[in-house]
Each structure stands twice: as C-alpha cells, then as structure tokens.
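Heads up, the thing below is written out as structure tokens.
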Amino acid sequence: MLMSAQDYRESLSRYRPRVYLNASLVESVADEPLLEPGINAVGVTYDFALQQDHEHLMTARQGTSGKQVNRMLHIDESSGDLLYKLEAVRLLCQEVGCAQRYLSHDALNALYQATARADAAHGTDYHRRFVNYLHEVQEQDLTLGVAMTDAKGDRSKRPGLQANPDVYVHIKERRPGGIVIRGTKAIVTGAPYMHELLVMPCRTHTAEDSAFAVCCAVPVDAPGITIVSRPAGRPGEPAAKFSARYGQSVAVVVFDDVFVPHERVFIAGEHEEAGFLTTSYASHHRHSCIAARAGFGDLLIGAGALMIEANGLDGDRHGHIRDAMVELITITESFYACGVAASVYCEKDPVGSVMPERVFSNIGKLLLATKIYDMHRLAHYVSGGLIVALPGPEEDHNPHIQASLSAVLAGRTDIPAERRAEVARLIEDLTASNQGGWDSVISLHGGGSPEAMKREIWRNYPVMDKAQMVERLLDRGLFDHGQRVGKQPGRCCAKGCEVPEPPKPVN
Amino acid sequence: MLMSAQDYRESLSRYRPRVYLNASLVESVADEPLLEPGINAVGVTYDFALQQDHEHLMTARQGTSGKQVNRMLHIDESSGDLLYKLEAVRLLCQEVGCAQRYLSHDALNALYQATARADAAHGTDYHRRFVNYLHEVQEQDLTLGVAMTDAKGDRSKRPGLQANPDVYVHIKERRPGGIVIRGTKAIVTGAPYMHELLVMPCRTHTAEDSAFAVCCAVPVDAPGITIVSRPAGRPGEPAAKFSARYGQSVAVVVFDDVFVPHERVFIAGEHEEAGFLTTSYASHHRHSCIAARAGFGDLLIGAGALMIEANGLDGDRHGHIRDAMVELITITESFYACGVAASVYCEKDPVGSVMPERVFSNIGKLLLATKIYDMHRLAHYVSGGLIVALPGPEEDHNPHIQASLSAVLAGRTDIPAERRAEVARLIEDLTASNQGGWDSVISLHGGGSPEAMKREIWRNYPVMDKAQMVERLLDRGLFDHGQRVGKQPGRCCAKGCEVPEPPKPVN
Amino acid sequence: MLMSAQDYRESLSRYRPRVYLNASLVESVADEPLLEPGINAVGVTYDFALQQDHEHLMTARQGTSGKQVNRMLHIDESSGDLLYKLEAVRLLCQEVGCAQRYLSHDALNALYQATARADAAHGTDYHRRFVNYLHEVQEQDLTLGVAMTDAKGDRSKRPGLQANPDVYVHIKERRPGGIVIRGTKAIVTGAPYMHELLVMPCRTHTAEDSAFAVCCAVPVDAPGITIVSRPAGRPGEPAAKFSARYGQSVAVVVFDDVFVPHERVFIAGEHEEAGFLTTSYASHHRHSCIAARAGFGDLLIGAGALMIEANGLDGDRHGHIRDAMVELITITESFYACGVAASVYCEKDPVGSVMPERVFSNIGKLLLATKIYDMHRLAHYVSGGLIVALPGPEEDHNPHIQASLSAVLAGRTDIPAERRAEVARLIEDLTASNQGGWDSVISLHGGGSPEAMKREIWRNYPVMDKAQMVERLLDRGLFDHGQRVGKQPGRCCAKGCEVPEPPKPVN
Amino acid sequence: MLMSAQDYRESLSRYRPRVYLNASLVESVADEPLLEPGINAVGVTYDFALQQDHEHLMTARQGTSGKQVNRMLHIDESSGDLLYKLEAVRLLCQEVGCAQRYLSHDALNALYQATARADAAHGTDYHRRFVNYLHEVQEQDLTLGVAMTDAKGDRSKRPGLQANPDVYVHIKERRPGGIVIRGTKAIVTGAPYMHELLVMPCRTHTAEDSAFAVCCAVPVDAPGITIVSRPAGRPGEPAAKFSARYGQSVAVVVFDDVFVPHERVFIAGEHEEAGFLTTSYASHHRHSCIAARAGFGDLLIGAGALMIEANGLDGDRHGHIRDAMVELITITESFYACGVAASVYCEKDPVGSVMPERVFSNIGKLLLATKIYDMHRLAHYVSGGLIVALPGPEEDHNPHIQASLSAVLAGRTDIPAERRAEVARLIEDLTASNQGGWDSVISLHGGGSPEAMKREIWRNYPVMDKAQMVERLLDRGLFDHGQRVGKQPGRCCAKGCEVPEPPKPVN
C-alpha cells in the first residue's frame, strides 16, 4: 500500500493530464525531462517512508482507520504528531529542498476540520464523504495538489464584481449527480505530477459570493482541466548541482466546466465554513513551511561550512565568519522553534484532530518569509564572490585550460579545486540562480503574504487579556494578590490555551 | 513549609547582613524602604505558590524527596517541568517585572548536575552534600542569591595573573573543617534580601587557576561578607507607577576571608566540573531569562494597548499601529518559542535531571538581549511622545492648573485624563526611566554577553553533521537513498537528540 | 549684540513667566536649579558664537540686513549655509547633548518662506512684519521656543469637532489691534527659559478649521500664559555625569486668552499657507535633528571608546567590539550623510532662501528616530553590565568600603577605578537613565512620528518619474536612445532637482 | 574623439583576444551573442556622452590636457566632479543595470594618485608615464578592464608562501625593455570586451612579496593572455526582459608570461605605494558602486510602482504597500546620501586630484552590500507571487491557451494582461533570476567584502578624537569653554577635514 518512488513515477503514467510546458503539449508527464526534478522530489517522500531509519518520522497510524499511512497524508491527533510532522518535513527538505507533498497533508487536515463544522452547521454529509476519500487516498498513497490561489483579477474588487468571473474558480452549475466548476487557479505547485487536485477557496467570501465557496477533489486529468506549467527546477543545466535533480514546478490550472460528482465535493456554498477552511489550511500550511525552510537552512549551513573550509578559512579563528554562521543558525532555529511551540500549544478541534497554534505558526512563517533573504545574504557572505564568478562546468573539461584553472582555482591545498567548484556551484544554485530567486519569492508569498500573517496574528493574539492584566496592576496596591481574578485554573498565562501535559522525558 | 510573602519578609529579620546603600549602613533589610520593591517582587513568588490558581505552575514535586516545593527551588526532571518553569516565570514577571528567584532555581539545577559529575570523576562527596542542602533549602523555602560575576580586573588577563587576586573570588585557605574564600563578586542580583548566597565561578578556569574553581553556599550574613547595594527599583518616586512597587537591586559583594564548612562546599578546585557548572548554569539561566522577558513583553503589550485606546486610536483601523503591535508580539513570542523548543528538546543528564537544550536556550537569550531595545522602541512608537512630556504626578494635585490640564490632556472623551496619564507614566517607568535603562542593560549582559551566547551556539550546533549531509548529497546520484548512512534510528534529524514522545494532547 | 551665556542668563531675569515645576511656582527661572541644565545648554550656543574657533560655524551674515548673527537665528541662503548649520548643530550637541536653540532657527526659516507665500496668495502683509520681527530677534540675540504640538484630544477627530476646542490653540477673537488666542500646546521644549514663544500649527487644517491656522510670536511672560514644566535633565543627581549639567525641559503651555498685536501675527486663518508652514518647518527641523543626534552619536562613540579601554579591551584585537563600534559609527554617519545630501540638493524658495531637500531630510530623521535604540544597544554592548551595576557615587566616599571597592573595580591597571567609574556613569546617564529614556522617545517622536516621515517621503519622491523611466525601457529596443524624452538638460537624474555647481575644492 | 556605441563595437573588432566561453573559443567578441548584453551596456556609456541631454553629466574637462573627455575616464578635481560622477553613474545604471565602465574611472584615478606618491618616495618616473597613458586612453576613448582580484589560493597564507605562486599575478622577470608578468586574476568584469586591462594588486603586500606589487596596462589581446569568461547577462532567454539586452560578464584571466614594456608599467615592486593604490582604488570604486546600485534601486522602484498599479493596488490606500515602497526608497537614498557626503567631504591629494572621503564611501558601500537583499525582498513584497508563477513567454503565443490566459491573468481591467506579464518578468529578471542572484553576490563582495569595509571604517574614523572630546567634558566644569583645545579654526567638527565652501545655490 505504501508506494516507492518508482511506483509513484509509474503510477503517473496512468493519468493523462493536458499539460503545456514552454508552449508544447507534454506527451507523458512521467517521462518529461523538464518535470523530472519535481517527480524526483516527490519520490523521496515515498522512498523515505519505506526506509527503516525514517519510518518513525515518515509514517503514522491513521486514527479513523487504524492503518499505517505516509505522514504526508495523516490527520494529526496530538502535539506529538505535529512535532513529528515538523521533523519529517525538515528531513525531506534537507534532501530535496522543497518536498511539496506536505501540501497534501495540510489540505487534508484542514478539510477534516471544516467538513465536520459544515455538517454541524448545515446538516450536510461532507465529513463522511471526506473521510471515505481520505481513506482512499491513504490506501492508494496518492499525492494531491492544492489548487487554491485564484487568478484574482482586479484585487480591489470581490469575486462577484469582477469583469470576468473566471478569474476565481466557482460553481457554474449544480446537477443531480454533482457540480460543474469553472475558473482559473494561478499558482498550483507541482500540478502536472499530482494524482489529484484539491480545489479550495483562497479567501473568505461573503454570502453573495457563495458560488465561489467551493471545495472538491478532481483527478488531474479530469475533462476540462488544462495545466500551463513551468519547468521544475533547472533540468538539464550543468551548473545546477541541486536543482537539476530536485525542483518544483508551478502551474496555472484552467477549469473549463469540470464536472465533479457529489462524493468528491466537500464544500459547496457554505461560505462561512469555506472561510474557516481557508484559515485552517493556512495554519497547517504555515506550520509545514517552517519545517521546509528549516531543511533549506540546513542545506545552506552545511554548504556554507564546506565552502569556508575549501577557502582555507575557519569559524573558530575568523570571528566575522563565525558570526555570520551563527546568524544563519539563529535565523533557522528561531523560526523552527516557533513551529515547535505551535505544536506544543496546538489547538484541539471538536472533531478530534489538532491544528498548530495560530499565533506561533504565523510568527514562524512571517519570520522565514522575510529572513529567507538574510539567509541568502549570509550564505553568500561566508562563501565569497567565487560562487558567481567561477567559469561554467563546461570549462572543467576544456582541454586548453582545464589544467591551469584547476591549479589556480584551488583554495586549501588538501581540497581539490573540483570539490571547491562543486560546492560553489551548489551555493550558487541554491541562492543565486533562477531557482534561488524562485525560492525566495515563494518563501515570501507562498501560504499567504506577510501582511496576511500579520493580520492573523493580530486577530488571534489575546491583546485585550494583556490590557486587562495591566489594568489590574494599575488598580491594585501592594501584596494584594488575593482578589486577582480572571485567571482560571489550568490555563496557561501566555496564550489563553491550556498548558500541555509535559512530554515524556527523553531517555 | 511553603512560606507566604509575609513569612518571607519576616524571615529576613532573622539575618543581619552588612549592607551599605547610598553610603549608609542598612539597619534592617526587611524595613529598608529603598529595598522594599525587591522584597515585594520576591514575595510574589511565595504568595503565588499558595494560590490555588497558580499552584500547578508554581509548585512541583521534588523527585529526591517526594515533597511539594516551590518551583523556583525544584530540580527539573522532564520537558514538562521545563515548560512549567517557563510558564511560571512568565506569570511572575507579568506581575513584578523581574521575579529574581528563578536564579535560585537555575543555580540549584546546575549544581545538581555538576556535583554528580565531580563525584564521578574524582570520587568526591559533593552530590550527597548538595542534595542534603537542597532539601534543607526546599524545606525552609529559602531564596538564594547567585554570586557569580567576578570583578574581573583587566579582562585581557586570567585570574592568576591579575595584579590584585581579589578581583576574583578564590580559595584562600583550606582548613580541616572547611575553606576560607576571598574576593569580590561585582553584580549580585538582590543580594541584601537573599537568605543565602551561592558562590559560583563565572568562567572556565585552567588547572593553574584551580583555586578559583570554587562553589559553595554561605548565609548572607556570614562573617566577612560586605554588600554594597543599589536601591531596588525607584522606591518613593511618585512617577514610578511600577518600579516604586517592584524592582531589583544589584550589589557588589566583598568576601573578606569568609569561612565555609565542608558541608556547604560543592566544588573546591575541580576546575573541569566547575567549568561544566558555569555552562550548565548558563543554559538553565538563559532559559529562565527567556520567560522573564516574555512576561515583561506582556506588560508592554498590555500597556501599549491601553495607551493606543486612550489616544483614540485603534489597531484595526490604523495599520501602522497594528504593525508595531504585531512586531512587539512577534519579538516576544519568537524568543519565547525558543524557550519552548529548548524544553521539548531538553538534554537528559546522567544524574536524572534535565537541562534545556543549549542551542535553543542560547538563541532565545541572544534574541531577547538585542531585541529588548526594539521592544522599547515599539512601546514608545505606539504610545506617542506624551509619555516623556507629561507633567509630573505632583501637578495632578496642583490646584492652580489641575482642572485645566485634565481638560486638555484627555484623549478619547470616555477615558479620563487621569487614566491616560497613569498608563503613560507606566510606560515611561518601564521603558524610559532609570529602571527601563537598567532592564535593557541587564537583558543585554545578564546571563552572559551576546558574544558568549554566539560562541556557545557555535560550540554546540552540529555544523559538521550538516556539512556531511551536504557532502553526501554532492556525492550521490538520483534516487540513491539506499546507502544513506549516519542517521541512526530514533534520532531526530535536526538536533542530534531524540524526538520526544508527543506531549499528551490538549483536551 | 551677540550675547554671552552669562548675558543670556541675565536676560532671563527680565522676564516673569508663570511657570509651575513639580507643582510649585518658580520664583526666578534664571535661578531655578531644576532648570539650570537647560539654561546651561542654551548658554553654550551663545558662548560658542563668541569663540574664534567656532565663529565661522556659529555665526553667519543675514542677507536681508547684512549683519552678522548667531547661526541659530539665520535665514539660510545656500547649500553651504545648510552644511554649516549641520556642522554647527553637531558641534553644539557634542557638547551639550541637545542644544535646543536650533528650534528657533527652524521656525524662523519656515516663517520666512510661508509669510511670503501667504502675501502672494492673499495680499497680506505678513512677510514685512516677519522680517522686522526677525531683525529684532537677531539684533537682541534672543532664543525662541516653538509652541507647536497641540494637546490634540481625541486623535480620530479634527480640531473643530473636539469636545473641548482648547485641545488646539486657535484664534478666539479678532480685535482691531490684534488677535486673542486660546488653547494648549502639549510639548514645548525649553519653554521656561525662552525669551519668546512662536505659536505654530502642528498639522494641516481644512478651511472649516481656519481659526486653528494661526501663527504668531508672544513673549514668554505674556498675560494669560501658564507653563507647566518638567525639570531639565537630572539636576542635582550625583550619578548624572552629564545631565546634571546639561539638559532640556519640556512643558505644557496653556494659552488662556492671550492677546497678540498684529505686528506679531504671521498667519491668521490662511490655512493653506499654514499647512505649508507646518511641512516647511518639518523639513528644516528634521534636518537639524539629524545633526543634533549625530552629535549625540559622537558622545557615545567617544565614551564607548573610553569604556573599552578602561575594561582592558581593544577594538583592534577584539572583533566583536570593533564590529559594534563600526555599527555605531555607521548608524551615526549614515543618517548624517542624509543631512549633507539634503543640504546639497536643497530646494530654493521663490523668496530667496533655501530649504533642505525633503526626501533626504525625512529619511535622515526616520533613520535616527528608529536607530537611536540601536545606538543605546551598541553603547551598552561595548561597555558591559558594569554601567548599571556600579555602586552609586556616594560610595566613592564611604570610608568603610571605598578603598576595597577601588581596588577591585579597576579594569586595566593603568587606568584608575575612579576614571572607569566616571565613564561608566556617563554612559549610564546618557543611555540608561531617565534622561536616556527621554532622549530616545524624543528622537522617535520629536519633529513628527516615523509615520509622518514615511508619508512625507511618499508624497515627495518622484515615484511616477521612475515608473515612466521603466516604461520607456520596456517599450524600447536596443541602442535606441535617440528618442529618449522627459529628461531635461541640466536636471539631475535622481531627484528631479538641478545638480548643484560643484562646491569649491577643499584646499 | 568621443566614440559612439557603434564605434565602440567596431573598435572591438580590431582586437583578437583569446577568449573561452562555455568551453568554446570565441571567434569575434564583437559578434558573439553571449557577450552582446555586456557590449550593449558599455555602449550606452558612449552614446550618452554624445547626447545633449546628458553631456554635462557624461563628459568633463580633463585638467592636465584641457580636453573634453568621457567622465568614465576623467580625473576628479573637486567635490563637484565627484557629485557629477555619482549622478552620471546612476543615470547609466538606471538604463543598463551595471555600466561597468566606471571601473576604468576608478582605476585611473587611483593610479593618478599612487604614481605620484611612488615618484616622490622613490624618484621613479611613473606619474609621467601614467599621464601619457591617460591622455592616450582619453584621446581614443577606450574602455579599460580592472584585473585586480587574484585567485588567492589558500587564504590563510600570504602570496609568497603559496604552493603555486601563480595564484597571484607577479613579476616573473625584469628585462631591459619591460617586465614579464605571470599569474591569475579570478574575477575580471567584462574582460572580453575591454580594450585594455589594468593589472593591479588586490591586497597590500609585505616587502618580501614585492614581486607581487605590480601595476601595469596591457592590451586585452597581448600574447600570453587567456580569458575564460561567463556569458554577459541572460542572452537569448525570452523571459529575460532586461538582461537579454544588458548584462555583464566576469572572467578568469590567465597571464602566462606576458611582456609589458616600461611605458605601460606604473608600479613595479614599490609595495607601499601599491598598498596605497589598492585602498585608493577601493575608495573611488566603492563610491562608484553606491551610484550604480542607486540606479538599480531606481529600476526596482519604478518597476515596483508599475506592478502595484497593474495589480489594482495603490500606495495611497494600502499602507503596507506604501510602507514597503518607502523602505525601498529609504534604503536607496540613504546609501546614495553617503556617496553625496563622501563627495562633499572629499580628500584632496597632493597631486591635485580628489578622492571621495573614505568613511562615507565605505559606509555607503557597506550599506548597499547588505541591503541589496532587502531591496530584492521589497521588490518581491510589492509585486506578489505572480512574478515567479507566470507561465513563460512562449505561452504568450501558444494558440491553444493564449486567449484564456490573457483573460484571466489581467489585474486591473484597463491594463492589458500582456503589460502586467511584461512588468512581472522584468522584476523576476532583475531580482529572482540567475542575473538577480549575480547582482546580489556582486553587490556584497564586489569592491571588497563587508569585513574589508568595516576595517577600513575603523582605521579611518577619528575614534580617538571623540574619546578625547569626552575626556574634556569629564574633566571640565560648567561654562568653562575658554580653554577648549584641539579644535583648529576652519576644521569641521565631525570628520577632521575642512568644511567645504558652500556649493553654489540652486537657482
């Protein structure tokens, strides 16, 4: 039931999505070289789940079915699940830069919560449908794309007032057996090499715009879907030490009257629960992003250390180099710590699953979103200008100059010039290439812009509780703690949520 | 056995320390107005332990004795203990600014670890002595001062080479029943109103300087001790809304041939374990500082919210005000998150207790040390210039002008000018007064300077593991995960420590 | 005609302002110890103008009269004047922290511009009146306070809609010989020891609120004026190495139906020119603030260097200390550079005077406003915790402990403990005392809040020119520079202003 | 005598350098598509000098010859020259991103100073030789490459101790008619399309390493020179809106026993003056970099404004967007201001030319070096994620999807989707592509690393003067300004340099 990377790649052959890439129709996604880095990266999420070393992080027991599933498809039930997910995503992204498949996890968890709420409010049947679907996805070990960000059109107008309604995906028609959806999702990660797409709203909608409050699952090759994709990573570029191997594509996905049967429809007009779905997804996803970018930070820390060494330098002796490395570590681990805290102080949903605490999740994502640029800066700082000045890899085999270049481009004599060049190109690829630029923009805007996070922090932080705490201080004399009110037993002071039972001690 | 604040204050009367304050000898510490804010602040750590609301945070069961003790005197045994300590310290510091007594906790925990190590290495008897002492302290519910920072003299020379050896405390003589110590500790928090002082080394020492590797406990009024103290807070100043009530003193403590019996000596020359003690104390203490400053952050957040309101402004409508508040929240909660992560990933000591993970603890302290200045800036930003321009509280009762000032100094009409003035003075007191300045410097340098933290981060971070991880990536082809080595089962990827069992879910 | 500090102090005796300080009526401002630091600081602006060393910076030739006047009262006519004013203010503030009298300069320059504009638009006679007044002020070498910041009341309402109209100063009555003004100015620097107050609007007003668009000059002791002042600096505090000597007071000034004869009225209802006056004053003043805070930066740099030395450290050998000092220098000189650039690219007014370029002036002030906190942090960083832990100066003469403290509190053996203590207390006074807190808030909010500066930058920056520049790039092929339009000869590319003639080369 | 871009391109055909690019030998540099963006960018420095609009900025009168020359080849004689150079470089870089040719200017100015010093110290004849060469270069309107950064080898060892001496260029042999040089320069901007290369040392050398203290001029096609180049910009990439047109190449240049006749040798072993040359070049060059990156900032500001507009947003109404734009402006103009201040406070050389003031130049470069990453962040922030998610330009002509994409990818309805896409691709090209990554690394390390700048700031700042200023304050009583010493008439307070005569007022 758990697939390997090889199984996954083969499974893609069973789908026939309509994909354009650089204006050509892709014959077979599984064999398309320009998509291979993306397929490779997702593949690692399969292989790692089969390795004994990583099994405890990469798989989990699904509570509703009792079955062991890939953690990227698991519904979280405890703080521990969230901590394990963090570690699992970090592990994957240390290996592949961006593992992509955590998007499946994030959407499944949000839907698990939102469908139950919709049922409670409207007497609908979404949660049962969804759990069936979930089990099916887990059983087949699928990878799901998240089709969320609409094209949006004029950002100063709501969906219903757009000149062209297709700038947002919406329900065009309700039929006896299902619904017909139409519109455009502008940024779908990994779309061509997903098995299915989860269509979700990217913003809260008003009652008037309830046709836009739609969530459903469609196979990637459902009739009416067209995917216009960019290549994944930098396939075929000799200098791309990392991103020729692993990468992500993003695509525009056009839904041209796509029919979705009821069993695959999870929200259809319930705009309030659709709104909850959007913010719940945001919490799960921002939490995952934290781990993903920490894995990327690990790559930079490791590569930076190798580059320093190859240059003949040393963090112990060169204070300014050590300082930059410590700053890189501090950035990475401080936003990761927000992910840990969001796990520990997680929010329990009535349906039984947990969601990462919202303030910490948003703070962690906000920090990484802006500090990714500092991470690039620090990686460049410790590496030196060579990373963008080194002749291309073709010259490594140019018989007229290769020998002399090797002789002069070495740093420390016990480290071959070739190794130094390789590390330099890795850092260039990760931070100073098309791929590096892509990573920074996606870190900044993926999962919502910094302004969205700030608003969410503001909305969820107990500011007024703290104002009242100060008012009590002002109104009171000394040693007058008896009449202190408003603090309930068992509530922690800081977050308004309960202090978790201590985790079992490490042994 | 648990004392109240009132009990604590009375207990101080049973000590007769030699204390100078503004060049006068203090008759009775318990009755000295200039020390009262310090005594008040420590008092809250007693009273809160007796309140049902706070009991679960403020007390804990001591494993070695089975008794319920104040958490400020407890030896931590699990991640949960560390999380509870964090919350307890934050709670206290929301109330009093700086609770001081966590220093007792930090030193006791470090000694618990270090004495066992010294015994293991040298066959000494320190751990038994220390546990006896610990139980005595817990039984009597004492407060211990930490006498650590030596006067240091010329910082470019080690202790044994100083012109005047008394710039560091050292063993001057070994006698049959104990040792005689001599020297000066330059910055001892709360010294006059402590029951006992724990003398500890402030740096690692070489074998040649083993006389400086000394740790012991002495009553605050032991013969030979002179304390030269500063006032605690801003006692008696009418504008000091907060720090006339709660504060801390710091003191120079001179040890002029003080005899310490063996049962109170915990390290006496074992310089390696003394070095361990210093860094272990640093980890415990930096972890506590994180919570303390988060409590201070809560005060600023609450006071800022009140000030905004009194000015007739509103974070929902005024984006730049909201932005500043979110930045204040982000700073506070992101360093607090490092404390949470240090708890979750705590390090288990062979003796059975736990220590906060060092990298996260140091990062959290490093962040707060530098960002305290930003916290001041943001509190000022949202409050406006009034906080330093408002006429003094004396004018509130000046019959010639009071009425007209009240009329014109109000902001929003439904909030009295007096309340606005009170909040403004609170913010001035916390951030723009002698007390505010003191807080910022202590946040920066207390528990070690930023450079000390950076070095500790560098020493403890698995940089080479990450370099090897990247080397493996460079040396490998695609999908070649089979031969991946070096990752042991059950180890988490990020920190080289085990992933804790999930904390019990919130309910 | 140019007074000395002694003359200035004596001249104050000729005024009888109604001043309350700590709820007492001040008998004689010139003899009030709590105001002495303020009088001292202003005094230096007089003495320096009489010293041969500083004459070229501290005096200038007034174009309209041909007379040599104190530069703090001079109307700027060239980039050079602005550069000299910058240097003069920096020089003064190196000596006294905040020289205050540049406020006179800033208001006089703004009025010189605004009165001419009002006359041009309304046929009024303000400019002549003002020039007469200017010459009188210069002739008598007066110091003028700026009464600008109104009490404001509910900040979400405009003046005319306030429950109490007296929260803004306004024209209550127009009489044949003059006007009657009424209301409250909330933050007036140095009010008690000014000769006259210049009443100015603190915001732009609408036509409906034209009664609030009033500008005039009143003697500090005009009937109806009450000043409620705070002390200047920290007079009488033994630890206040600097601010017992030099300081500033701020005061609330209540105008209770104050009559102003026409010859002293410079705007009376012309709300558009009043608005111009406000922003023009802001440009002049923000430019002056830059120099003032650079002088403060010089104090921190110098004091920091002395402290490092006394601690036995050395920027050449200790990288992290050097780094902090370089950051302090970088902050100081980079905002100062904005002042220089604002001078070079100054804006010529039709009336013949110049105003500092607005974007650079606002950027410089914006930088210092937020970076003053970093300056404090860096000064603390290089100094160590001693600055807030040192026993008070009273202990220096405590015979029981003085000798032993001196012995142990020394750093480098060739620098006496007393000198080290003195420098430590200076840094505490400048950055970690009531005074330091005051300085930071005033740096942040004085001359307008950061948000005000950001809006002014946005309003004045040629964003659309740059957008068009990029549009041209997009619409053009290669080497097609012939049809480039929109760039006029003699215009500089960056600012839309003319490139100045080169300054005469240094010799 | 002044060439056009077309003349320049043709002139390149008269050189036959040995250039490898992607492992192929380049037939004709002038016709090589992969180098065309570099040639285009340099070409603009020629064309602009011929346009009436730009003539005043782009040309100047050479004092030693009285002739009008391209400003990129001019020796600066005044503050005004430096201001004009700044504006000229900014203008060019607004057009082409990086104009490259200012490197010629920077090296010529440094040589003008250093050759005179060498002659004064050693009785050599370098200055005459150099002036002849300068006039020749100006007469022919050449472009000179700067071959400075050596390969360096093991960075912990000085040149003479390297295993392979060829990691630094050095004098291998002295012959009657000239010298023979040998070694490798690792990062030479624009090497293939320069007319000549100026070989210069990249660090100070000791007397033992005097063979490495060599400076000379060689034609780019001198026998023995091999250039291994990277492409300039992103030639031929359809998405590269900017860098397919304008770019820079960098190259490794191997000198394999290249003979240089005496008349082209400007330093040959005089290691002290070679050291001066290095730092003088650094000052000139860092000053030029400031202007170059300000021009780049202008491109981002303009493009950001267009993107905001196309998205239907508006800085006036959306505070967070305005805030980001103001931050981008603040960064750009605050480092530019340092360039202006360095011009005003320039240092006069005994030989008659001027050098930008070193502290301001280094601060400006230090700021841009680290803040380029923030500039990228801000450009991304205001633009949204579209810039890296938009399908490639090939899809613009894909008949199967083009129409529907255009319909849904528009933002504001009055701005065509094509224009929005074009702006998005421009921003991607400038900040999130290989080119953007290259720009950031070159901004960080080009002209020396941040640590080099910090050391230069530390070395040149009058720290001790400021320490003495504070000492005087501490040692003095009130109003005791008479005995103030150490300030000389006519010296400015801040920098220890003379206050320049005021620039002529703008009119």
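Note that the chains take the letters A, B, C and D in the order they are written out, and that residue 1 is the start of every chain.
Rule of thumb we're sticking to: contacts are C-beta pairs under 8 Å (C-beta built on N, C-alpha and C of every residue); 3 or more make two chains touch, one makes a residue touch a chain.
Bear in mind that the values here come from a model prediction, so they are computed numbers and not experimental data.
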Minus subunit C, work out the clusters of chains still connected through touching contacts. one piece
Any idea whether A-C or A-D has more C-beta pairs in contact? A-D
Taking each chain's mean CA coordinate, subunit A and subunit D are separated, in whole Å, by 39
Cα-centroid distance, subunit A relative to subunit C, in whole angstrom: 49
Geometric centre distance via CA averages, subunit B-subunit A, whole Å: 37
Multi-partner residues of subunit A (each touching 2 or more other chains): 320, 323, 454
Which residues of subunit A touch subunit B once you look at their complex with the stated criterion? 5-6, 40, 43-44, 47-48, 51-54, 56-57, 77-81, 83-84, 87, 90-91, 94-95, 241-242, 245, 294, 298-299, 301-303, 305-306, 309, 315-316, 322-323, 325-326, 329-330, 333-338, 340-342, 344-348, 354, 359-360, 363-364, 366-367, 422-423, 426, 454-455, 457-458, 461, 463-471, 473-474, 478-479, 481, 484, 487-490, 492-494, 497-507
In the complex formed with subunit D, which residues of subunit B make contact? 319-320, 323
Using the touch definition from the top, list the residues of subunit A that touch subunit D in their complex. 20, 22-23, 25, 149, 151-157, 163-164, 166-167, 183-184, 186-187, 226, 228-230, 250-252, 254, 256, 311-314, 320, 370, 373-374, 376-377, 380-381, 384-389, 391-392, 394-395, 397-398, 400-401, 404-405, 407-413, 428, 431-434, 436-438, 440-442, 444-446, 449-451, 454
